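Below, subunit A partners subunit B and then partners subunit C, in two separate complexes.
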Partner chain A sequence: MTTHKAPLLEIDALTIDVMTAHGPRRAVDGVSLVLHGGDTLGIVGESGSGKSLTLRAIMGLLPKGVIQTSGRIVLRGVDVATMTRRQRRAVCGKDIAMVFQDPMSSLNPVMRVGPQIVDGLTARRHLSYRDRRTRAIELMSRMGIPDPDRRFHAFPHQLSGGIRQRVMIASAMACEAALMLCDEPTTALDVTIQDQILRLLAELCEQSGTSLLYVTHDLAVASQVCASINVMYGGQLMESGPVADVFRSPLHPYTLGLLGAMPRVEHGKRRLVPIGGAAPALGELPAGCPFAPRCILAEEACERGRIDWRDMTDGRGVRCVRPLTDAIAPVEDQR
Partner chain B sequence: MTSTMLLDVSGLRVAFPVRQGGHEHAFYAVDGVDLRVAPGEIVGLVGESGSGKSTIARAVVGLCAVESGAIAYGTPASSTPRVHRAGGAVQMVFQDPYSSLNPRMTIRQQLSEVLRVHRVVPKESILERCEFLMRQVGLPPQLLHARPSQMSGGQRQRVAIARALAFEPRLLVADEPVSALDVSVQAEIVNLFADLRDRLGLSIVFIAHDLSVVSGLCDRVAVIYMGRIVEQAPTADLFGHPRHPYTRGLLAAVPRMGRARAEYPSIVGEMPSALHTPSGCRFRTRCPHVQELCSDIDPALKPANAPLDVHVTACLFPIDTVEVAGPRQKLGGTAPQ
Partner chain C sequence: MVRYIGRRLIALLPILFGITLVVFMLVHITPGDPARTYLGIHATDESLKALRHAWGLDQPIPLQYLIYLSGLVRGDLGQSLYYGTSVRSLIAGSLVPTLFLLLLSSLLAAFVSVILALIAATKPETLVDHTIRAIPTVGLAMPTFWVGTILILIFGVHFGILPVGGYGTDIKSHLESLILPSVAIAVAIVPVLVRSLRAALLEALNMDYVAFARAKGLRPSSVLIRYALRNASIPAVNILGVTIGFLVGQTLVIENVFALPGLGRLMIQAIFKRDFPVVQGIALVFAILTMIVFLLTDVACDLLDTRAA
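Take a look at the complex of A and B:
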């Protein structure tokens, strides 16, 4: 890959606090990521793991009362903290596009969808409206929206969830951004529609070389659109590496646990292996590894203090005192 | 046959009125469904949203009016089922434990209310029974004093199940009970359902849109499309040898680990509106194998191979048996076996 070039996006020790009535509570704790042009990166985690906040911080879209307390977000070599608001807005419209989970709340409900896509065509401002309109309809048909000429004039509420999500992706694609951020874009959709959209996304990234940062709770979904993956838990990165390697031989007990708890069609009838306990609530993170209270392999060292990130071979990394080695058979082959 | 069944639904139709252009129409959310559940059996209902799977569940527990058809709970058929008529033998567990529990009451209050109002046990043994119910769903009795807001999503869903169990039901109808939960917790609840069946001999109708959850838990699965069952078979049979193109498309759409894509094309388009039901086979507008005859003939559920086969399919041109859901060749990995 293009490791010698400046990365497209670099997140360095990002820390985010949520302000509560009882003071600040840590939600994201020292997350670092590097994404080069053309990379497809997934962030997988359960609810409350901090995955969505990480994504929102990149866009500068943290909700009120949620503050980035430290860490840097660097876009094409420029720290976003040093940008003026206008510069940042230009970057977010041009270089980064975002697709949200719920298209109903991110599309303008009183504006027809066609013009919303036309508005996204920031890179084509020099064209006449008619040309941009043609381009928007082209995008819609590429997105697999049937009858795009007619749908151009529809309001969001007149469209089904699947079509709305396609419109969202079309307007994100419209700015021809180098990086597309996706926050669980298919979670609210049926498997059939999810499959259509995932195929579309994978195809688009391949064709136009768009980079993807894809946040999801579903490991299988991540494995279909991403080349490498980051597993988050309790606000920290637990493990990262190429998708196939992470799933074939997870290094972190949490990843292993997730794989065992995940029902799979190809396995047929069998008992799932749940991870005991529950994810830590906001502000109730233990001093050591956040997963230690639920980890069957936890030892004293896990609870003593913050666990350091360890870089492993083959582009993998893990935050664990005792990473699982190949001696432990991966879950997938235990059938 | 009927006498051995715990639940016997036949010809169920549920209609909702729709006003369109000043005219009253009825659209059928459930349009002629036969469903049987044997004691101790877990039956899965799967389908896309809007297919009518939840409406079937609500009709079974008596939460929505039935237009025609019969629902029998191991007793002579009644056309207007009510929960109390079934003596609390049928209970429902909802998707969202956040909204199905009372946020202002402690768990003990919620459980004892059920026991008291329905006179399940004498007054003096209510607390004892509450503790028993908590243990049954794998919760420590100390949590009886907690309120729902102090519990995790998984614990709340366990409480919702405990409350359903308070009636000592014979059939649980669970409508997407694990969809709102995280993967690691979801597995616990799925296992709990399996345990309850094993320990109490409960029958369960398990509704889910997630086929992988259903594949691991259910004995038999019915695939619903536009208010009809299009295919029904024992789980392994259905997932291993789907005969209806819709079932096969649904299976192909389930995201799997590894980047290799199922060879079978995913289902195109979306389910048509129930107000514009296609003539003939309802799936024909999205079917990859559609033929001329499909628009004329509305296929009935037919046994797949032998005349008495439990695997039934509503398709004029069912797919020949092909291994679909078996272990897949991994990219660059070792070949299976």
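Take a look at the complex of A and C:
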């Protein structure tokens, strides 16, 4: 990866608050990540850890009552805070595309899917109906949608969940964006369809060199499409690094727990235990490490205050008082 | 779709039958003697009796109803007691202004409501939004006849730019005469429509498909209209339908305020003259009109909501 050029996407200490009846509650807490052209990056974490809000913040699509309180989002070296709304909109869909979690609710129910696939394109330049149709059908067949000529005229409710998700990916790909944000695009689908979609995504990204920021609660899924992953918990990044390394030797007890909670683990290694307890609710985060209350290795230092991020060797990093391995030394001990 | 409409029309027949019964009963329960009204207070008992006999009013009520029904089946609504012509031709002569008024006022109300709701929904909970929601509510609190009178005073009498009443003789004067009555009616229904449409728009704007449309970088106007409005219009069209149903009754008042020669005005005159065949006929037409509006509403909603088809 070239590090001289400005990265495609840089998130720096992103903090997002949700306004509740009891005042603001932190949902995303100091998330930073860097993504270069061609990267495939995963964000993994339990539901409620702030993954979707992070993606929506990148698109400038935070829901009502949810605000970004600090941090920077930089696209190709340009801070989005300095962009006008028009410029920001020009970026959406063209430079960055997003695929949403639920293919049932993310397509306009009263509009045929063909026009929905290409309307991001037609918003930018004028296309005749014939061109739009050709382009939509081309995208649909590339997405492996059978019988695209007929499906062009279908309404979303006439299609299965898997086809709808392909339609959504097709419309996200319509403008050939350099970066695709995926918010658990396969969670609502059954396992075989999920597998097909994942293969398709990986293949498309490889062919066109599209970068991927892939959000999921499922480590196995992330490992299938991503080269490196970020583990998120309680709004904070807990660990990041290349997929294989994180799998082989997780640094954070939470990652270890996630691996243990995975359905299939290579046996004979460690005896892995599922994480006890439940993820903290919004606003019930402890002062120290958010995972401390559920961590079997927690000690006093974990609860004292905010835990600092530590960069480790091999492009890894962790936010833990006592990372799980001593084999990997911290790049610089910050304490 | 055609078969669906056909089925709906057939389903209307029993309702229609019920309506004829109710209308007939109402007219015959109402006190007042048509013969006495026609002949005046000095008429002799003999002449009254003869007239009642001629009109079939001396028959038992159930028999009168059967006679009325058998006429209906042949498309005969009876003879007007007062005008002496057939009720059908009287209604035919007054139907057009009423239909025109209904059409114009609902188009006007729908247009104004869509514009106001779009503005309110793009700036929710702002001063603009509150104003848009508050001002039409004032309209809701004012009776239609009063609004009509005020409009006549302002635009007809004071400025003299629009006719104070009547219907004119050509298309241009028809339209001019219908402006104020349509505004008066719109004032009554815009508040209801704006509120429901605004609520539906805000709901639609919160949906995932709107977020996805924005993520594609679509212009706010096209997100608003092609995504939010199309979905929001389904509940709003339903409400518009109910309101137009209610409007059919409002024409009674407004046509009299503006002296429009429509069904409503004919109906009021017929009531005063105890011209019961005309009253029956118009009530039936109003009922049919209302049912047609409801049917059209359902068809429109099905066309808008592709999932229901």
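Keep in mind that, in the parts below, the second predicted complex is superposed on the first by the 310 of 335 C-alpha atoms of A that agree within 3 Å, B and C clash if a C-alpha of one lies under 4 Å from a C-alpha of the other, contacts with A are read in each partner's own complex, and residues count from 1 in each chain.
Here, a residue touches a chain if its C-beta (ideal position, glycine included) is under 8 Å from a C-beta of that chain, and two chains touch if they have at least 3 such contacts.
Computed from a predicted structure; not experimentally measured.
Asks: Now for A:M19: first (subunit B), second (subunit C), both, or neither, which partner does it touch?
Replies: neither
Asks: Give one of first, second, both or neither to describe whether A:S171 is in contact with subunit B, with subunit C, with both, or with none.
Replies: After superposing on A, A:S171 lies in contact with subunit C but is clear of subunit B.
Asks: Which holds for A:A6: it touches subunit B only (first), subunit C only (second), both, or neither?
Replies: neither
Asks: Please work out whether A:A301 is in contact with subunit B alone, subunit C alone, both, or neither, and reply first, second, both or neither.
Replies: Neither subunit B nor subunit C is touched by A:A301.
Asks: Looking at the overlay, what does A:L258 touch: subunit B (first), subunit C (second), both, or neither?
Replies: first
Asks: Between subunit B and subunit C, pick out the one touching the greater number of residues of subunit A.
Replies: Of subunit B and subunit C, more residues of subunit A lie in contact with B.
Asks: May I ask you to decide whether A:A81 touches subunit B, subunit C, both, or neither, giving the answer as first, second, both or neither?
Replies: Touch status of A:A81: no partner.
Asks: Which partner chains sit in contact with A:P146 here, subunit B, subunit C, both or neither? Use first/second/both/neither.
Replies: first
Asks: So in the superposed three-chain picture, is A:A287 touching just subunit B, just subunit C, both, or none of them (first/second/both/neither)?
Replies: In the superposed model, A:A287 contacts neither subunit B nor subunit C.
Asks: Provide the residue numbers of subunit C that touch subunit A in the complex, in ascending order.
Replies: Its residues touching subunit A are 206-209, 211-219, 222, 226-227, 230-231, 234, 304-307.
Asks: Can you name the residues of subunit B that touch subunit A in the complex?
Replies: Residues in contact with subunit A: 48-49, 152, 154-155, 182-188, 190-191, 194, 209-213, 215-218, 235-236, 239-240, 249-259, 261, 266-270, 325-328, 331, 333.
Asks: Can you list the residues on subunit A that touch subunit C in the complex?
Replies: Subunit A residues touching subunit C: 56, 59, 61, 63-64, 89-94, 97-98, 100, 102, 105-111, 119-120, 123-124, 155, 157, 168, 171-172, 174-175.
Asks: Per the contact definition, I'd like the list of subunit A residues that touch subunit B in the complex.
Replies: 46-47, 146, 160, 162-163, 190-196, 198-199, 217-221, 223-224, 243-244, 247-248, 257-258, 260-275, 278-279, 332, 335
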